[in-house]
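Shown next, in structure tokens, is the structure this report addresses.
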């Protein structure tokens, strides 16, 4: 019994399909608790007013935007080394979710930044890094879409994910360096996190757990869909071979 | 190895090789900028190094989709792949040939074009230095992108989409070093980072490009 | 040098086409591949050349001994005939052997840009590459396409008298009789079982 048994597509589907409703159920519980608690049952912060409450969406989505890429990197490595199809398809399935999380993080950041900084957008290192992360997601998804052969696509996107990860980290340091003259010290969002008191922290934990579960559920569901699409293609090709 | 380099340079220089196109593109972009932002000398000289960096980057990008596509179409890539030269070396040589035919001319052309943007005196040498250090990275990163997309129809646009985010650190450090140098600030850190990116890309990306070529030839 | 293939299975686009293929080609011998379109001739040659991995089985062949040739010869239109050939000999670290020009009747054309050659002439240029790089194992995919009868004869003579006589060997997919005394292998006998659970789709069936 090893974990790699679940890398068999059929076993993966059989195991995860019954789990998905439970994962989404837990997601709903965490998000409802976290968001209701966070939005309605916490005091307004002195410096931020009610705008601070956007952290309950902003912080978890930003975390998941990065975690999704990290998961894709691990899945790509597993595909390149062990050639498990499920791994490659899981990476493919995670990319659009990661991109959506990036967009949510950017959007909520802009909505928060408008009242706080008086601008929808600033070339703050953190914001800029997320913008670049979004571009990496776009390129990754576009490469998957462009290559007709699924195994070739899995190989090439994995190589891109590896190289992209290095350059994404480099970009993070580059933008930090590039804009150090404008923003002294940590950014506002960082302040909020550092000074956060327990009152805000517990609901935030629920929201983060909710986003992790949401991501997990979506990845399982989308990976299942990708596996079924591959199976459909495999069966179609086999039918063509047999009738030929 | 020399054989491939000589052939690629010959092909680039002969009719239809596209040599000079990226240089012309560089020139045109630089000429267009003052029309868009106005002729004030102080504005131009302030944004000049950045504009020239972006223009050089775009001019490099423009010539990338020919890197492997032609050799793939006429079958040469398969034949080169069965030669004693490993595909990693092929990628490195292709990147070097690309730099000799685009990066180097762009670097040399940047100084005269700087005159059009009213660059101040110290800015010229910084601009040329940073371009000389940075354009090899642009070539080798671009070669990796070209290796990923070889054999794809309409690969050109996808290539840009893949390569542009990878260009971000090079552009930031290159343009930052040029700007700081021009303003008389300390530019040591960005120069070192730029050189580091170039050295790291040269050392590692040919392997990624070779792997991508092998996958694409399969 | 001997080419030994055992229990080979190959796939095209991840789909198994040939299975359980075994043969031996000894020095000085050639093997002609037969089979209808789609039988897997090109795929087999590309696998033998190391361009694509086999699904299963063994290929016994010393490294860097094989030369692959197909209709796409990698001829550069703006280089002259001679420059095209010299590129290949330089790339393979071989001497620039002028005699090859005579073998393929290219001497009068040597200064011409390859882009101005006729289809048959550029095919001869493509084949001359094989003479230039001097690899002992030739993997030829329809080498005689667009050659006239005289050129086919000239190529067959080169193959027999120069290549095979010197201990080289060849695997050739062709529909044109080359006049070689070579055994034929009908690939349709090795068609992969359509129900097979090999190939990249196997995990999903």
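Which chain is which? They are A, B and C, in the order written, and residues in each are numbered from 1.
The rule is short, and it goes like this: contacts are C-beta pairs under 8 Å (C-beta built on N, C-alpha and C of every residue); 3 or more make two chains touch, one makes a residue touch a chain.
Since we're looking at a predicted model, the values are computed, not measured.
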| item | value |
| --- | --- |
| Chains touching both subunit A and subunit B | C |
| Pair of chains joined by more contacts [C-beta pairs], A-C or B-C | B-C |
| Innermost chain by mean C-alpha position | B |
| Rounded Å distance between subunit A and subunit B, as computed from the means of their C-alpha atoms | 32 |
| Chain centre separation in whole Å, for subunit C relative to subunit B (CA means) | 37 |
| Length of the line joining the C-alpha centres of subunit A and subunit C, rounded to whole Å | 48 |
| Residues within subunit A bordering two or more other chains | none |
| Shared-contact residues (touching 2 or more other chains) in subunit B | 218 |
| Residues of subunit B touching subunit C in the complex | 2-4, 6-7, 10-11, 14-17, 71, 73-85, 217-218 |
| Residue ranges of subunit A touching subunit C (in the complex, touch as defined) | 8-9, 85, 149-151, 227, 230-231, 233-235, 237-238, 241-242, 244 |
| List of subunit C residues in touch with subunit B within their complex | 46, 49-53, 64, 66-79, 83, 86-88, 90-93, 129, 133 |
| List of subunit A residues in touch with subunit B within their complex | 132, 135-136, 138-139, 142-143, 146-147, 152, 155-156, 159-160, 162-164, 167-168, 170-171, 173-175, 177-178 |
| Complex contact set, residues of subunit C against subunit A | 13-15, 194-195, 200-205 |
